[in-house]
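In the two complexes below, chain A is the common chain; its partner is chain B in one and chain C in the other.
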Partner chain A sequence: MKTTLAALLATCAALPALAAGEIWVTNEKDDTVSVIDVETLEVVRTLPTGERPRGITFSKDFSKLYICASDSDTVQVMDPETGDILYDLPSGEDPEQFVLHPDDRHLYIANEDDAITTVVDTETRQVVAQIDVGIEPEGMAVNDAGTVAITTSETTNMAHWIDTETQELFANTLVDSRPRHAEFTKDDSELWVSAEIGGTISVFETDGQTEIAKIEFEIDGMHPDRVQPVGFEFTDDQKTAFVALGPSNHIAVVNADTYEVEDYILVGRRVWHMAFSPDKSLLFTTNGVSGDVTVIDVANREAIKSIKVGRFPWGAAMRPTTSG
Partner chain B sequence: MKLDSQNIEKKSPLSEEDTVVIARPSRLRAALIALVAIVARECLRFLQQRGRFVAALVRPLVWLLVFAAGFRAALGLSIIPPYQTYITYETYIVPGLCGMILLFNGMQSSLSLVYDREMGSMRLLLTCPLPRWWLLSCKLLASTAISILQVYVFLAFAALIGVHPPWQGYFLIFPALVVAGLMLGALGLALSSFIKQLENFAGVMNFVIFPMFFLSSALYPLWRMAESSPLLRDICAANPFTYAVELIRFAFYQQWNGTALGLTLLFTAIFMGLAIWGYDPGRALIRRKG
Partner chain C sequence: MLIRLLVVSLAMLAVTPAQPQTKLDIPVIYLRQEVPAPPVLSNLDPIPEDRGIAGAELGLTDNLTTGRFMGHDYTLDVITVPQDGDLRGAAVDALGRSRLIIVDAPADDLLMIADLPAADGALIFNAAAPEPLLRGAECRANVFHSLPSLAMRTDALMQFLQKRRWDDLVMVAGTRPADSAYAEALAASATKFGLTVRDRKDWAFDADMRRNASQEVPLFTQDFGTYDVLLIADETRDFGRYLAYNTWEARPVAGSEGLEPVTWAPVVEQWGAAQLQNRFRDQAERAMTGRDYAAWAAMRAIGEAVTRTTASDAATLRDFMLSDQFELAGFKGRPLSFRTWNGQLRQPIPLVTRAALVAQAPLEGFLHPVTELDTLGADAPETDCTAFTD
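On to the complex of A and B.
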C-alpha cells in the first residue's frame, strides 16, 4: 500500500516535469528559430540560423537540433542549450525536408532542386548515398523498424519507397497532385501521404504498397481549391490524425480507424506543419502567412491561443525540458 | 363575508391617526412592494406576449445563422483583444447580438411606456406616493431582467449550433449584461419621456436603434471600420452601444475592460438623469403653462 502510494506521489510529482518543454519553430523568411515555452505559451528565445530554415528535428536525446537551411544548401546542427551552430552537414542542394532514421545516425534529406534524396551519416558527417527520385522531392518518412524510407516528389506526384539496407528504390506509388508530407503509422502497417493540390491524403498498406483509402476534406463556405492538406501528425494512440490544410486556415481532425474527418479547427493563415507538446495535450501549428503558431487543446479540439513568431513559420519540433 | 362587512360598518370609525398607521407601510417596504409589483407586472406582460418573446429570439438568431454564415469568409480573420486566437465571424458577433437583444428590448420597454401613458396606466403609476426616480428605476430593473432572460435563451440556442464562449463566460457576462441592460433601458426611458404618441416610435427605430446597432463594434471590429473610413470608426467609438458590446465581449472571455465599464456606467447615469428630468411633473407643468 505504502509502495503504491509512493509510486502515485512520484508519478504526480513527475507530471509537471513531463509536461514542461519547448516547441522550436523555423521562420522561413527571418532566418531564425523561435523557441516557445509550452507552459507559458510565450516565445522565450529567437536564434539565428542559415538562410531559409525549413525542416527541423531533434536527435533522440534532444542534445542536437538539425535544421534544413535551404538557401544555404546545408543542414545545420545546433546546440539547443546555447543556440550555437555547432557545424554544418553536407546535404546536397536546397534541402527542404528530412527525417532522422531510428538509428539516430542517418538523415534522409530531400533535395528539392536536384530530384535526389541524400543520406548523410551525422557522425562521420559524410554523404553515404544519393538516390534519384522524382522531380521536386519534399516529404520524407522512415518507418519505425528503420527498413523503409519514403520520399514524395511534388511534380512527379509519387511516393518513392527506399530500401534503407541497399539505399535503392524498390517501389513507386502514384498519389494525388503535389504530395507534401508522408508519415508511417506507429505499427508500420500504413503509410499516409498528403497531396496539396489534390486535396487528399492517400493511405497505403505498407506490405504491398497498395492504396487502401483516400481521405478528402470539405470545409463549409470554403472553396475546395483552398483546402490543401500539407503536414500532419498522429496522436500517441494512433486513433486520431491532425492534418494542416494550408490556405484554408484549418486543421482537420481525422479518425485514423475509419478515415473520416470528424472536425475542423480554425487556426492562422496558411497552416503548414505542427508538433505536439511533450505530454501530447497541446498541438502547435505553424501558420506561414499570419506569422504565428496556434495552440490547440487536443482533448477539446479547440484553438486556445495564437503566438506571434517570426515571418513565415514553417517547421516545428518538440524538445522536453526538466524545468518547470 | 356579508356579515363581516356589516359588522365593520357597525363599528365605531377609527380615528384618522389609526387609519394611517394601518394603511401605510414603511417607506422601504413600500418601495420594495412597488419594485416587486412593477417587475412582476412587466414579467407577466412579457410572458403573455409570446410573439414578442419569439421575435426577440428570432432576430438575433437570424443574424447568427444567416448573416454571419454569409459573411464568414468575406470579413477575414484577425486576433484582437479579448480573443487569444483566430475566431469565426459567428463567434465574433455573439456579444454584439446579446447587445442587440438588450437594445431592442430597452426600446421595446420604452414603447410600452408610451403605450401606458396613452392608456393612462402610466399616470396611475406616477401618482404613487413614492419618489419618481424610484418608480422609473423599478421600470428599468424590470426591463433589464427581461432582457437578460432573453439573452440567456439566445445563448443556449447559439451553443446548440456550436457557437459558445468559454463556460466561465456565461457567469461572468451576468454583471456586464446588468450594466449594459440598465444603460440601454435608461436610454429607452429617456426617449419615452420625449415621445408623445405611439406613432412617433417609428422614428426611434430609424434614428436610434438602427444607427446605434450598425455604427458600433457589434458587427465589425473598429479596425475594420477604420479601413473603410476613419470618420466611421470615430462615430462608432463615440457610440455608447459600442462600449456596452465590448463590456459583454470582454466579460465572455474573462477579461477586464475598465474603459467600457466606466463609460457604460457614465452613459447609464446620463440617460437616467435625462429620463428623470423628462418625467419631472414640474417640467410638464411649466411646458403646459408656456
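On to the complex of A and C.
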C-alpha cells in the first residue's frame, strides 16, 4: 500500500498536469466540512457549518461555497479562503441537494420534506420560483445550455423536467424506485438518472425524453438488493461514468458509450457521492457509514487510500488552488 | 393537506406533462372491524384511535402525488364496523364499490371476508392479522399480506440471538391468545435457528406490578437458573415492561419487550426512513406504528402497481405484484416484493429497543439461494399454502 502510494505520488510529481486542489466534503452528522488536500491526501481543515450539511457546490470562480444545511433549512454561503459563513440564502425547508445553473447565479434546490424545487437567485438572495414536484425530491441537474433543469423524486419515482425559462414542468418521466441523482452528458444529448432501490441507471434521450438504455449492476457474491446506485460522475472525455453503489461498498466503472459496466472498485461503506481532483487523475468518494473518503486512481481504477473525515460524509466538491 | 394536493394536481395537469396519460380512478376501501382492547396495567401506551388508518391515509397522499403526474386519481374510503356490527354486510357493500380492499380485522373475520362470493377476484390486503396460518394452510388467493407474519418477526429475533450466540433461552408468556400465539412462534423460530427455549413460565399474576415488580419478579425468575436471554410473550403490552432489571439473573429481555422484532418503529431512521417518519408525523400528529406501516405499504403497493401497469383492475394488479417486475421502496433498505407462494410482502424486520435500532434482519451470514429476505418466515419449500399454485 505504502509503496503504491509513494509510487503514485512520484508519478504524479513527474507529471506537470497535476494541479493543486482541495476536495470539500460535507459531514452530515458532524455539521462540518472536511477539506482534503489533493497532493498530501490529508485533511487540512475542518470547518463548522449549519445543521446536517449535505449538498455542496462551488461558484464558477470558486470564490463562494454553497452548502445545503438541511436541518437549518438554509443554503449557506461560505468564503472558502477563510471558512467564514458569509450569509444564508433562502432555500425552502429541508434543502438536500442542489445544482448551480450555468449562469452561475441561480441555484435549483430540492426541498426533500416539502415536495418542492426552489429556485434561488444568489445575487438578489431571493426565491425566484417554487415548483411542485413529486415526494422527496433529491437529484438535481441542469443541462449545459441552461434550458432544462431536472428534479428526481424518491417516492414518486420520477424525473421532473423543468423549463428554466418559465420555471414550469414540461415533462415527467418514470424511472425505477428511489431515484437519487441525475446528470446530463456534456453535449446535453442524454440524461442519466440513478435509482437506488431499483438498482439501475436510466438513460434518457433529452429530445423527447425517451428512455434509451437501462444500466444494471452485478457484483459477485453480493445480493442485487444491496447494489444501490446513488451518486455518479462522468470523466471529462465523457467516455466513462463512475457510479457509487451505496451499501454494496463499490464504485462501478461504466462505459458511457456502450452502457456496459467495465469494472467494480471496492471502497468504504455506504458510498454516496464523489468528486474528481482538478486534473481528473484521482476520484474521491464519500463513504457514509465508515466515515471516510476513498481515493481512487482513475487511470488504474483502483483504490489507493482511505482518508478519515467526519461522521457520515455525504457530498463532495472540488476546488483548485494555486499554491503548491 | 389533501385539498392542497388536489388543487395542485389540477394545476399540474394544465402544464401538459409528457408522461403519457391514461385517466384512471382507483378507489380503495379500508375496512376495519373494531375489537375490544384488553385492559393493561400501564397507561403509558394508549392504542391510537386511527392506528392503521393514518398509514393508509399517508399512502393515499403519496399515491396522489405520483398520480397527479399520471392522470391517476386515488380515493380512500374508511369503513369502521363497531364491535357488534355487521361486518359481513359492510364487506359485501365495500366489495360492490371497489375491488381493492385493505382489511384491518382479526384472522377469522379476514377469512370470512375473503370467502364471500363477492370477494372472488378482488384483491384484499391483510394489514392487521399476523397469524402464520393465514400465510399457510388457510391462505387465500385473493389475500395479500402487507403485515409481516409472527414467524417473520420471531425468525428475525432468533437470527440475532443466534448470531450473538445467546442460545440458552427461557420464556415468560402471558395467558391471552395473542401471547400464546407469539410464544409458539418464538419457540418454533428458536428451533429453526438451533436455539433452545429451555424453560417457560406463564405469567398469571393479578397484582398491580407497577407497585411490586421489584419484590415479585426476582423470585418469579429465580428458578430459571442461569440462561442467556429471557423471552417475553406479552403482545398486549400488559406486564412485560415490569420484568426488565427485576429478573434474578442480570440478563437482557427480548420479544414483546426489551429487544423487539417489529414491523416498524419510531426509532427506524436509516434508509430515508426519517422522511417517511416526518411525513407521517406531520399528517397524523403522532408516531408511526407497525400497523400504520402495513396499511401504508398496502396502499403504496397498489399505487406502485397502478403506476407501472397503468391499469386499475384487481387481476392485472395482482399479476404484476406477483411478478419479478414489482418492487416497492419501503424505507427498509431493500426493495420489498410479494412472495409468489402466499402473497406475503417480504421485508426486512427491524430489531429495536425503545430508543434505538439495534439491528435489522435478515442479518449478514444467513444465506438464501434466492433472497436473504426469505430466511424470515415460511419459505417456498416449506409452505402449506396451495391457493397460489394455480
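Following the convention adopted for this analysis, the second predicted complex is superposed on the first by the 306 of 324 C-alpha atoms of A that agree within 3 Å, B and C clash if a C-alpha of one lies under 4 Å from a C-alpha of the other, contacts with A are read in each partner's own complex, and residues count from 1 in each chain.
Just so we're on the same page, a contact is a pair of C-beta atoms (placed from the backbone, for glycine too) under 8 Å apart; a residue touches a chain by one contact, two chains touch by 3 or more.
Only a predicted model underlies this, so the values are computations on that prediction, with no experimental measurement involved.
On the superposed chain A, the positions of chain B and chain C stay apart, so the two partners fit side by side. In the superposed model, A:190 lies in contact with neither chain B nor chain C.
Shared-chain residue A:233: touches no atom of chain B or chain C.
Contacts of A:37 after superposition on the shared chain: neither chain B nor chain C is touched.
In the superposed model, A:249 lies in contact with chain B only, and not with chain C. Here chain B and chain C are compared by how many residues of chain A each touches, and C touches more.
Contacts of A:198 after superposition on the shared chain: chain C is touched, whereas chain B is not. In the superposed model, A:268 lies in contact with chain B only, and not with chain C. In the superposition on chain A, A:73 makes contact with neither chain B nor chain C.
Superposition on chain A places chain B within reach of chain C only down to 6 Å, the least C-alpha distance between them. If you check the complex, the residues on chain A that touch chain C are 112-113, 115, 132, 134-136, 153-158, 160-161, 168-174, 176-178, 196-199, 209, 223, 225-226, 247.
Chain B meets chain A in the complex at residues 69, 72-73, 77, 79, 84-88. Against chain B, in their complex, chain A makes its touches with residues 221-222, 249, 266-269, 292, 294-295, 303-306. Residues 8, 11-12, 15-19, 62, 65-66, 69, 272, 275, 278-279, 304, 307-308, 327-329, 333-335, 371-373 of chain C are the ones touching chain A in the complex.
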